[in-house]
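Both complexes below contain subunit A, partnered by subunit B and then by subunit C.
After this line comes the complex of A and B, so read on.
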């Protein structure tokens, strides 16, 4: 039975604490890699010709790639296997050439029947501060 | 709104038996820019408390529907061969013009998902509602997909919220 090791300690965390931020520049190759690995073959994410024909300036990023990048920041911080809930609203499209940065802020702590939990607000913004994804998550802590 | 809530809510979106495979998990982790060795190296996964390589948090969305489902152990098709009704419903909404977007996504993790496990995936439409905002009509179509283990215990529950805005 797997017992993922929690990297965070309940007593060390307070409201307002932030997880280390990650930044990632979106590239067309990166979108193609995500399309292939996820099986999401919507041409708006990899076919520039079709995207332009549909009136878009270029291909755009998968919302779920944004959620995946933010998921990496969450598991780097809390330890893989310690995420218990993860919710996202996709507020803006992402575009190749943008640099996306994660922000994870502690909003609360609780002791539940299942164990100690810390809740966070999560956002992913581009280099100009435009919010691409906003959501919440809960992580298990020691 | 052209869609009737009573006819839509409760419709099955599909069911499958999914084998969580090492190659697809490793490739998916790299595609979400995650170099964490637990997704690639069995020793690192065991050191982090797993029995096997774990799947990244968003792996079930799309990836686990596309990879690891083989004909020999699939369950009976709950749509009776009609296929996932979301495609048809999105087509109906598209005829009204406007834009279809992936609005929200939610995951609830009940236990770790690991390479080597065989899971049962079942989905259904759970909600349909509209909101008026800034002179636009937004239709929300929500599906829920549950991945269960051999014992029938849930491993991951997903909620997918599609928005049609016009």
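After this line comes the complex of A and C, so read on.
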């Protein structure tokens, strides 16, 4: 397999730089599509009747869907093939009707045995600024 | 709540799962394929030609379509059978969850995940996951309720046994703070009791002090032998050993000895952040309390404070301190 071409250049990046933000509107249909596509058929994410019976106000988003939205912002920015590590905490549940926005901020650069790497802080917030997901990621750069 | 004996039994049973694989390595039912990638991209709003456009992808450095890295787990998800829930345990992780559910730890919440990607997946790759129950925490009190954090680690390999990446996933399996009830907009279902402050243990030696709070007074215990003041209340004077005592009422005037600001975890029944404070009362004793009516960024060691009795909605009374403006 050919080596992925790094889209970002080490020398062009500095601490505090931000990647373009993405936003994603969460809908029930979107949750159903994600349940099918990801194979996560936990009914709390697509069956409103069961979710309410369990005491929830409605169905809620998959944690890994939040990860995916931020992951998309990461790979859009760093180029496909360059995301190497990614970790995050699910700080709040996501709900249909919310608009989720990504924020990716450069926190450091390093030269490793595998090549040049840039570390970033990542967060996903709703329209009111409530943090849904917070973590860090590492991407390969040229 | 569980008895100590039942809890010991439960903990022995659950900790026996640590280090165990959840089952034999599981190979996804489908190899990496375009339709599943397309469906995933649709759900995510993902439009990269590297995932979706065979012609464009052929000219890319990858030489063909690759799967989004975040799909790694999707290739080995059980999918349809998950909708049945965990009533019929199909693997060790389900058995572990069921043990906890049956003991009252009914809630489950994903808390965090960590992933590492060795290479991107290409069409035709067959993904196998080997998942181990890596860690179970001691019982923890959280905002959602008390429970155990369970970490699983999945290692992903391809058809040649080469590693594709790994992923840890942590869930909290907990006793929900409030009994879960059906959400209801208009049928007038009873609201659960509003969560209240955790009450201090009260006994022979200190309940008089809390009763005085209810009567609106901050009391300080005074030795009947040497008249030394002491706080918190206790049966014997540390200076002269006398067990005789009475009490004097404090003016509530004091200064801040030290403090800490608690943002998290946010227990129900309290307002956050909490400014937890040690206050030196002018009578000469030190009292644990909290500060209100002041932004935590404006709190300073040594600041003058005035103690007042605060009454919670459920009638529980306790001293709290506010900044003291006067300097009389």
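What we mean here is this: the second predicted complex is superposed on the first by the 142 of 142 C-alpha atoms of A that agree within 3 Å, B and C clash if a C-alpha of one lies under 4 Å from a C-alpha of the other, contacts with A are read in each partner's own complex, and residues count from 1 in each chain.
Here is the rule we use: contacts are C-beta pairs under 8 Å (C-beta built on N, C-alpha and C of every residue); 3 or more make two chains touch, one makes a residue touch a chain.
Fair warning: this is a prediction, and the values are worked out from it, not measured in the lab.
Colleague: Could you tell me whether subunit B and subunit C fit or clash when both sit on subunit A in the superposition?
Modeller: In the superposition, subunit B runs into subunit C.
Colleague: One more residue to check, A:64. First (subunit B), second (subunit C), both or neither?
Modeller: After superposing on A, A:64 lies in contact with both subunit B and subunit C.
Colleague: For A:72, using the defined touch cut-off, is the partner it touches subunit B, subunit C, both, or neither? Pick first, second, both or neither.
Modeller: In the superposition, A:72 contacts both subunit B and subunit C.
Colleague: Regarding the shared-chain residue A:85, is it in contact with subunit B (first), subunit C (second), both, or neither?
Modeller: The answer is both, since A:85 touches subunit B and subunit C.
Colleague: Can A:21 be said to touch subunit B (first), subunit C (second), both, or neither?
Modeller: neither
Colleague: Compare subunit B and subunit C by how many residues of subunit A each one touches, and report the one with more.
Modeller: Between subunit B and subunit C, the winner on subunit A residue contacts is C.
Colleague: Using the touch definition from the top, say if A:39 reaches subunit B (first), subunit C (second), both or neither.
Modeller: Both partners.
Colleague: After superposing on chain A, which of these stretches of subunit C ends up overlapping subunit B: 38-46, 236-244 or 290-298?
Modeller: 38-46
Colleague: Need the overlap of the two footprints on subunit A, from subunit B and from subunit C, as residue ranges.
Modeller: 1-5, 24, 30, 33-34, 36-40, 63-65, 67-69, 71-72, 75-76, 80-81, 83-90
Colleague: Which positions of subunit A touch subunit C when the two form their complex?
Modeller: For this pair, the touching residues of subunit A are 1-5, 24, 30, 33-34, 36-43, 52-58, 63-65, 67-69, 71-72, 75-76, 80-81, 83-90, 135.
Colleague: Could you pull out which subunit C residues touch subunit A in their complex?
Modeller: So the residues of subunit C touching subunit A come out as 36, 39-40, 42-46, 48, 50-51, 60-63, 66, 68-71, 73-74, 77-83, 85, 109-117, 119-120, 122, 176, 180-183.
Colleague: Spell out the residues on subunit B that touch subunit A in their complex, using ranges where they run on.
Modeller: Within the complex, subunit B touches subunit A at residues 24, 27-28, 30-34, 36, 38-39, 48-52, 54, 56-58, 61-63, 65-67, 101-109, 111-112, 114.
Colleague: Which residues of subunit A touch subunit B in their complex?
Modeller: Residues of subunit A touching subunit B: 1-5, 24, 30, 33-34, 36-40, 63-65, 67-69, 71-72, 74-76, 79-81, 83-90.
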